[in-house]
């Protein structure tokens, strides 16, 4: 290969290389603060301090012995999962109808469905506390589930609308003309095609639920303690690396979950061109 | 029946939302557990305690919010900060989403994990991380100084720039995932076709890929804008109070003053503000990207 | 129903979600607690011995005062909480909203061992369980000659002798008492007029020698990273940090004294009658000693025993300053608004 | 099952049209997409809807498919009223413009989809899918995904998917638009052959006149939501009724002639600027002398001869351009009084290079009687000045 040829080759690949560089810087930015969290979680010191001078696993032992953190993590995961599923059951049909609607009502309906995103959760939390207590649900898992579902619906609706609009009508028309009933078309064609939208919407919902302090706060009881509430009250009195350790455990759980998804269903619907 | 009457009937049938019935379960759910509780709570904002501490009907809270220059300034800053964070998230997030969908291949799963990892740590821990990095003698300043790029430490914490950094850091994953979900639905053959037609890569991107992915950007923008609009912990912990937004004041009314009425009034203003911008955004998308 | 197949796991999950949903109360008694070492010590010093002694079960609710007060306010007839262990501003709020009962000395015999002032807080609707006080925490490595008094602290900060860290307005139950009331009082102001402290704070802010923290742990990060050299902090927290490894951190109460912050006990209206029994147990001497050793704060009971090194650090009840807790809630809206507009931090 | 049995099953009682549209009308908002439209497609034939984009052909197809409901009128498929049936009950096959192969299914799964929906048992589904893939020459690609196939292969899969259910009718929506020219011609031939073998009534939507001419038994030319002309390809090509049809199908020289007089059942016309005796057009309704009449003459019908060899009565023109197109010479001719140059093809019969007329040469024009067509006046166009 001549020098000009390899130069021109490089030139053609340059945009991709620049993009790659950008992406690497981006992830450095994204992960920078997290790196310190993980480092600190392996620290030996009684208080959170940096730089970490000696390392140990003592804060992971502390997690095992201080039950509220692990218990609430498990509780939070159940809550996040359940509310994401519930949000999908409410949100997906609504999103499908909205995406194809020519009605002038659609904008109004969308606005209502997305509005929970915009209200400070602390206000919603207190409003729901009084409302749900008045109808007898009080401080319970059901109340928490309702509250978290309210704020999860917008994520599912919005991502599914965007993905479903991008797909266009043709596939469903093709299925219809091949004799598929509405339900069959939905199950065999629409659902697989909007999979990435549902997945990312539910992922958002889970993430928001896991980090949702302001809303969960008002429904915290001995039986219904979510991780952020426990973490906050822990941190208010103790500045030790156990919090960093639970954060790290949380990330590991997410990693395992994503690996499981990749192994079973495959994350390909997030990437491969359809 | 005249033709005009027939059209009118058809139009009204459409306006009633034929085919919109699947939104009903979600609408009823939100009506019961979102709009109704908020409305009841919002009513408190119309009652202000009198000298004896008894609540009396009054528009006092709203008058204060809309006539006092301080509160108007906070209102403006709330929108401005959210808008700025949204724009930065689009600019940073789009290339990453593009790379993820088109070039990441089997690294895609890892990228998703790395994207969501920051969201899984408590905001207080993230703030600690930023404190270590951005402090006066923190990692960033000492690196820059040892490289000779700056002479004295930059003041990065307790500053609006720290708030924007913090907001972008937690919100940009939402932007990336929203855009990626739509980008992956775009047929790459369209781009190839455009390149074959002689469009440069940049033009292909500008005229084919970008317009087709507008819905993803819009989704991300709505989510990011709304979340930024409602967040206060980042302002509190990274801004050191240098950026005061409406949610922060709401939080104050709860925590310090226990004045639920004034908090509800500010909440209502924020909600109305958000709903208006949401509605406008939806309208814009419909005109631009959603028409196809 | 072949076509429903892909939906089945979703439906199953949704079903599961509702079966997990069950009524909240399971124990005879529910008490509140702050997390971490407090909650742990509450269980070991109080809850477990109480359960052993009476056979009654006790649940512990983690969280914050605003959460607990609203939870009770939402369910006043069937409160989800029976005993508040809370901060004094939360206690004032609960009293103002009529959620708590007067502490009846007849039902709490161990109150006989509690000094009178500690029984007078919140108009008799609460009793102090233990208390801490705010003073100055500083980095010994950087400051050799710390200010003797609050006034000296303000003046030398203005001169730029060090970088000081102060709590911002959003740090509940610290700033209003330890900064606003404390400085204002030292500077000769009154609860109804905080212009002296506002003027000084403005000057401090503009001097560039002050940074603000908005989360209790942020102060420690700022001190460790060198962002700050001295600042207002709580005794117990400061000692815990020093004992935990931040060796150069020292703490003292400047003249005319530290600003007290009591943790108080309240009995929720319509709550379980067993609450009286529990509150009485809270003030018995043995658990009080256990509690004092665990959380490193002075406790209410005069019969409680302390370790010698702890005793040395403890503020004496006579030495601490008591802000007018009862007057502050009424002044707070004005304070917060003025601070927001003039200091903005 | 062989192709012969496919054919046997889809044959219909003679005389019953495979598709009949009766006064079908559709508007979107205030835009009339389709004026009341009627036509029949005889059973077993292929009918093309031809026209520029926005002419209503796609709307017509979507109404036949059941994706749109007409505002009025009836759609009969094999004599049965299907106007308000949902698409899935119409038993149709359809090939979409971009094929719309399900991206998450393999080729075999795509083809088998319709059979699965019809709850055909598994063994038969597999057998029929395999046979269909054989017919479209893709048996080895059964387990690939659509994005792994070339455009032509995708096209064949789409065809297989639409035919495997033995539909009562086949709809083709611009099925070849995405293919390159050679492949397109090959596929036109293949589809036509398959359609004939199976004997399935087919409706083809296209804007490509060549495709329509090659593939159809019948062409329906549409413009602005209405049918301009319907008939066999030769009929529509040779006897275009209007200027639009004449120009949309192939190339045409459209000349505004002057009516010299009425003769027998026809008209005598004169080219503009021609003082001679003019020419005769048979079977034309009477028109007042001196009025203008549009005449279409196909370039292949226009004969040119060097002026020296031309008859004295023949109108003259000057060669203004020449292109060699392999099978023919194409000449551009100018004549005073005509605003557009005329086109004439001269078929090459002998060795190439023979008898080329140089640019600038003067020629005489002639055509066989009957090849010049009198066009109907255009319907007044909406919004036209």
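All chains are identified by letter, namely A, B, C and D, in their written order; residue positions are counted from 1 within each chain.
Throughout what follows, a contact is a pair of C-beta atoms (placed from the backbone, for glycine too) under 8 Å apart; a residue touches a chain by one contact, two chains touch by 3 or more.
If you're wondering where the values come from, they're calculated on a predicted model, not measured in any experiment.
K.L.:
Centre-to-centre on C-alpha atoms, which chain is most distant from chain C?
P.N.:
The most remote chain is D.
K.L.:
When the contacting C-beta pairs are counted for A-C and for A-B, which pair yields the higher total?
P.N.:
A-B
K.L.:
So how far apart, in whole Å, are chain B and chain C when each is placed at the average of its C-alpha atoms?
P.N.:
34
K.L.:
Quick check: how many Å separate the C-alpha centres of chain A and chain B?
P.N.:
So the centre of chain A lies 15 Å away from the centre of chain B.
K.L.:
Could you grab the centroid distance between chain A and chain D? Build each centroid from C-alpha atoms only and quote it in angstrom.
P.N.:
One centre to the other, that is 54 Å.
K.L.:
Where in chain A do residues touch two or more of the other chains?
P.N.:
Within chain A, the residues that touch at least two other chains are 48, 50, 89, 126, 130, 184, 231-232, 235, 269, 273-274.
K.L.:
Among the residues of chain B, which are close enough to touch at least two other chains?
P.N.:
Each of 124, 127-128, 132, 251, 254 in chain B touches at least two other chains.
K.L.:
In chain C, what residues contact two or more other chains?
P.N.:
Residues 66, 215, 217, 221, 225 of chain C each touch two or more of the other chains.
K.L.:
Which residues of chain A touch chain D in the complex?
P.N.:
By the definition above, chain A touches chain D via 170-171, 173-181, 184, 188-189, 192-193, 269, 273-274.
K.L.:
Of all residues in chain A, which touch chain C in the complex?
P.N.:
45-50, 66, 68, 78, 81-83, 85-86, 88-89, 126, 129-130, 133-134, 138-142, 145, 183-184, 187, 191, 217-218, 220-225, 229-240
K.L.:
Using the touch definition from the top, list the residues of chain A that touch chain B in their complex.
P.N.:
15-16, 19-20, 22-23, 26-27, 29-37, 40, 48, 50, 89-91, 93-94, 96-98, 100-124, 126-128, 130-132, 146-147, 149-150, 153-155, 157-159, 161-163, 165-167, 196-197, 200, 203-204, 207, 210-211, 213, 228, 231-232, 235, 243-244, 247-248, 250-251, 254-255, 258-259, 262, 267, 269-274
K.L.:
Help me check something: in the complex, which residues belonging to chain C touch chain A?
P.N.:
3-7, 10, 13-14, 16-18, 20-27, 30, 33-40, 59-64, 66-67, 70-71, 73-75, 78, 80, 215-217, 220-221, 224-225, 237, 240-241, 243-246
K.L.:
Hey, which residues of chain B end up touching chain A in the complex?
P.N.:
Contacts found on chain B: 14-23, 25-27, 29-30, 33-38, 40-41, 92, 95-96, 98-101, 103-105, 108-109, 111-130, 132-133, 169, 172-174, 177-178, 180-182, 184-188, 201, 212, 215-216, 218-219, 222-223, 226-227, 229-230, 232-233, 246-247, 250-251, 254, 260, 263-264, 267, 270-271, 274-275, 278-279, 282-283, 286, 290, 292.
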